[in-house]
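Both of the next two complexes hold subunit A, though its partner changes from subunit B to subunit C.
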Partner chain A sequence: MATLTKQQIGSVLAKQGILIAFAVFIVAFTVANPKFLSVDNVFSVVRSSAILGVMALGVTFVVISGNLDLSVGSMMSFSTIVVLDLHDQIGPLLAIPAMFAMTMCLGAFIGFLVGYLRLNSLIVTLGMLSAIHGLTLTYSGGQNMDIADKEGTWFSVFGQGTALGIPVPIVIFAGLAALLGIVLAKTAFGRKVYAVGGNGTAATFSGIKRARTVFTCYVISAACVATAGLIQASRSLGSQNTVGQGLELEVLAAVILGGASLLGGAGTIFKTVIGVLILGFIQNGLLLMGLQFYVQFVVTWVIIILAVWLDIAAKRGKLWSPIA
Partner chain B sequence: MVVGVREGRPEKRAIIITREEIHMKMRNILAATTAIVALTSTAFAAGHETLKIGITQNNVGVDSYQTTYEKAFIAAAEANDAVEAIVLDAGGDVARQIAQMEDLIQQEVDAIIIWPTNGEAVIPAVRKAHQAGIPVIVTNSNIAEPGFDFVKSFSGPDNITQGARSAEIMCDKFKDMGIENEAQVVHITGQPGYTTAIERAKGFEDRLPEVCPNVTVVDTQPGDWNREKSQQVMEAFLVKYDDIDGVYAGDDNMGVGALNAAKAAGRDGIIFVGATNFAVGYEAMAAGEYWGSIYQSPVDDAEAALKTAIDVLKGEELPFLNYFDTPKITQDNMGEFTKPVF
Partner chain C sequence: MTDAKPVLHLDDIVKTFPGVRALDGVSFSVMPGEVHALMGENGAGKSTLMKVLGGIYQPDGGAIYMGNDKVVMAGPLEAKAKGIVFIHQELSLAEELSVAENIYLGELPRKRFGRVDWATLTERTDAILKKLNVGFDAKTRVGDLSIANQQMVEIARALTVDAKAVIFDEPTASLTDAEKVVLFDVISDLKSEGVGIIYISHRMEEIFKITDRISILRDGQYQGTVATADTDEEAVTQMMIGRTLDLSRNTSHHELGDVALEVRGLSCGKLYKDVSFEVRRGEVVGFYGLVGAGRTEIAETLFGLRDPSAGKILLDGEEVRIASPADAIARGISLVPEDRKGQGLVLGMNCRDNMTLPQVDDLKAGPFVAEGAEIAIFDQYRDRLDIRTPGWKQQVGNLSGGNQQKIVIGKWLSMHPNVLIVDEPTRGIDVGSKSEIHKLLRELAAQGYAVMVISSEMPEVLHVSDRIVAMYSGQIMRTFTSEEVTEDNLIQAISGIKSGQAA
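Presenting the complex of A and B:
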């Protein structure tokens, strides 16, 4: 009887290790500062996380397909700068689709290099990280980009508006997560993504067009980045050229934290969302505790590594497992 | 007159326009460099009294301030017939800056101006120039103290005074409002570890208790010079503290981020004070939402650097720390200042 219960607990732990880690952190932070779980704070954290989160949704596809995308940080800077610039030139109604088209072209280019020329995705996206940053700076001439008429534009709705009392960035994040969650879990395309990342050779023999699948993953990732850029631009109606700098690593951390395998073939949208929220709530929780910043850096990453350990230990059913 | 150097072709006038270097947050993995070289056929202005001054900048194009600085420096050099300037940019890369210093020494320029990419790492290169008999002028951000012996003069803003002035602006406003005995302030600093951030924070924190002893700074967190990051920090502050009367941000970019957070949360009546007045800060002041800042012009910064170099070469006595003035700007006196171009 006792063993059975233990097994049951074990199997729950194995499936939901990361959720349990999440719950532990939430309780700990709430004890430290009761305001942590106030509606205002939760909304503010999820809204802030939405930008990172939307990007992480797209990168989840790329990672599951067995590739990496390190270009998303500078691609987000690009989208933000472009949409802000075009806003004043051709109006928001045209600026948004134009920005999406330009960003998705970048994604398609990366998808082409990785999918059709079969270049290593780490090198390609690392190169694109630099190249797109250069492109952004060339586009803007290094100047900050600001919308001239900040009060009179409806463009602010994506970052600052609310729908039924819920901040729009959260609505976009949740909506996109639901949509992409369904695409990944329930459609033929989603199963192809897992197949390509899990066992490419087997996927080929099953008649899956691997190149096209990888290509599509990068285009999806770019579309997510464009959405993130839209929220970012709309939120502050102005931007530096370096707004997305360093985000690629946080995005990747969130995706991996959520349990997606860097080797491909494993991961879900839901868990990526949990990974994003853990990152967001850790940073906010430490801030509310008033920890000194230098300490926050260390603690953030200690917690992340702890979470990854808890997750993997739950899956293995043991805490101690040296490389044999 | 401005001369860019491009692999041994000094007979052409060249201006290196852009050069970018990407820094990843955790490590530099790969850097891409784009150099666009504009060539014109104008020959050197003849004349044996020409002062050949080389400048190696930190990272042009990475922000509006540095972009405007470079333009202003080139313009000032062009306007001065006695000066032949060699304008270089390190793209934020220490190794490249050291190589550029060595190039300038090889070319036997009369003086070198350096905007350090890193206050410590460039010292050996600065010493080498010093030993070669070339006077070195540091611009904008000083190098670390062990290198002071090899530097003729530092030309730049006095960030400690800027922090102190921001404290005075805030305190004066609190006195006007009659809340100088109970006001609570939060402080958003620049990127941790950066000299400018540390000095401004120190100036503010030292000065505020002197002028307004009963005002408390309830929290300090970094906004990393980033508007979005600052907005997130301010959102957390607004949740944590029910009563915030003032916000001091290490620059206007972050100050406006904090302002956006307060506006979104519907918290009125907060006094925002920044530093390095940006166009967005100036506009927010004009709109009556942002109280004050410190006016620091990249044009003044660039012109002061060139003038310091020329004065050093003319043998004039200069203070080692040759600061240019960065005045207070508030809603009350903003009419005396033009809107910043960055």
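Presenting the complex of A and C:
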């Protein structure tokens, strides 16, 4: 009987490990700095997580379908630069759809390479990470991009506005999360994404068009990236060529933290949102403690390792199970 | 060695999973030099009991004794170190590695500085493979082997350690008759060395051929042990499922309709050549032959998974080109594939979602999947096929092997196809459900389906078919009606007597 309870505790710990660790962490930080859980701080964390979060929503589709997307960071730089540039040339009303179209074309191209040409997604998106970076620099001529009339444009609403007192980026993040959550959990397409990632051969044998499913996931991911780029551009109304650099890893960290399996077939939008928030709060907590922001890089890595470890421990039912 | 002392004794073992009491106080012992059968319906708890013994699961209650000592199997390696060898129902091989590496995985012979001693490894492996009489060698990549040969690799593993007890969990599910003979030789060798053998199978003829005693489980409860010599199939079936079965050959015939599927001169490279046959509505056509006879490949071609190199496929008299499985499904063809884990199921998905996967596009409520309709489909086939699961939310990977197979069958029956192709449909399915599935196939035909049954089990083909197509190495040797077929002429036909060879 004693072993039973011990096993049960172990399995609860392993399954809910991330949430428990998160709770412990929040308590510790709140004790250290009571500001941590203030309404202002919570809002500020969620708002600054929104860009990362929106991207993570799209990457969740790609990861569940059994692939990777490492190009989202540099793709986000591209969207930001393009929409800022077009803003002054053709006006915001046209600039936004034009930027979405261009970004989604990039997503479609990746989807074509991975889905239809069956190239490895790691290689393709790693290559695209640098190719899109080059594209962005070519487009901007290496210059930073700025909107000429920063005061007189309504374009700032996406990054700086509020709706009913809630910052617009949060509204966009929450709205998109709800929409994509429903797509993934409730539609035939969502079901196919799980099947393709869970067992591609069985999906084929069930008449699912795998290439099309994978392709669509990358287009969705690109649309999310475009949305993130829009928020970013609107918030700062000017940008460097490298604004999204390194975000791909943070996005991936959030998705894995949420419990999506890198092998595909598992994960949910809700869990990814939790993953995004955990990451946001941890980074914020470290800042409040007075640590330099670059400590985050180390911490992000530590979190990925912990998350993956807990995930594996949950599957094996024990924390310590070395390769035998 | 005194006869009275069991090598292994399980006492009052209990194991529960969420929602399932898989083992409910099971006791069981194995004598040295004995082949002990473990029987029971799908989901009765056989594999679970063996996993407890093999250290893969820890029991919630009860104890394991070896000789006089109480032992705890903390993990598979420990069980192996204690001389318990487990040959799994589901294959567990590393496809990218060679046969030799798989057999000695974790215990590769070493030279100085930890380098692998390849020469010794190859030599030892080839010696074992020779004993097993298989047609591949130590250096073959496991992924290139057929399922049957992979099974032989799994068996070869058992011969590398000094075993006290060997567990075979449905070893013959994917073996041919010739391979079975080899396996039974291996078992009798082990037996004469005083090893205790636990043998799980749903095939009665094997049980009565090779085992000494039979223990029976039902719904996780121990039903008793009988000496094989003192019992018969009927009594064992009665203990397993509480009723007896009709195991006679097919004699019923119903009205045949139009030709639903016709194949003319179909070829696909070297896999099969110049194959012609037709299947009418209301007809069950059995395809019998050895593994490698090309039957699965024909099925895959009809399902849009392979391009034929010559010949025609006609559906309802109209020539068609079937470009993909999606295309085949749209034309009313269903295929229950041969490999349930690899091709049939998404193991991490729940039962309901697996079953409705091919029709998820058609089950719509507005923009969403109609979950109510899905559950209705699942419930219908759960009842019809007697699928044992705590509910549709259960992950398919947690079901017993036979119940997984039933999910695959339900998945394709629920498509209401015009042409239903089933490839080894009852692999791993217990005798009771097997006869249910056979009955179901006959019923479907009676309702006007055209059914193709590919099977390596002669009783199955004889039992369900109106006509039997005998194949040998990619060619149709002969087609029998159910009146003219006999076991002898069928065996002759599938062993390629034309070319003067016998299997």
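Note that in this section the second predicted complex is superposed on the first by the 280 of 324 C-alpha atoms of A that agree within 3 Å, B and C clash if a C-alpha of one lies under 4 Å from a C-alpha of the other, contacts with A are read in each partner's own complex, and residues count from 1 in each chain.
Simple rule for what comes next: contacts are C-beta pairs under 8 Å (C-beta built on N, C-alpha and C of every residue); 3 or more make two chains touch, one makes a residue touch a chain.
Here the structure is a predicted model, which means the values were calculated and not measured.
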Based on the superposed arrangement around subunit A, label subunit B with subunit C as either clash or fit. fit
State whether A:N199 touches subunit B only (first), subunit C only (second), both chains, or neither. second
Looking at A:L129, would you say it contacts subunit B, subunit C, both, or neither? Reply first, second, both or neither. first
Determine, under the contact definition given at the top, whether A:T153 touches first (subunit B), second (subunit C), both, or neither. neither
May I ask you to decide whether A:T300 touches subunit B, subunit C, both, or neither, giving the answer as first, second, both or neither? neither
With the two complexes superposed on chain A, say which partner A:G207 touches: subunit B (first), subunit C (second), both, or neither. second
If touched residues of subunit A are counted for subunit B and for subunit C, the larger one: B
Pick one for A:T187: touches subunit B only (first), subunit C only (second), both, or neither. second
In whole Å, subunit B and subunit C in the superposition are separated at their closest C-alpha atoms by 26
Kindly list the residues of subunit A that each of subunit B and subunit C touches, one partner per complex. none
Given the complex with subunit C, which residues does subunit A contribute to the contact? 3-4, 7, 182, 186-188, 191-192, 194-195, 198-199, 201-209, 265-266, 324
Which positions of subunit B touch subunit A when the two form their complex? 18, 20, 22-26, 29-32, 34, 60-64, 66-67, 192, 219, 221-222, 226-228, 231-233, 235-236, 238-240, 253, 256-257, 260, 264-265, 278-280, 283, 342
Residue positions on subunit A within touch of subunit B in the complex are 33, 35, 38, 40-41, 44, 48, 51, 74, 126-127, 129-131, 133-134, 137-138, 141-144, 146, 150, 160, 232, 235-236, 238-243, 245-246, 248-249, 284, 287-288, 290, 293-294
Would you tell me which residues of subunit C are touching subunit A in their complex? 58, 60, 75, 77, 106, 303, 305, 324-326, 328-330, 335, 337, 342-349, 353, 357-358, 360-361, 363-364, 367-369, 411
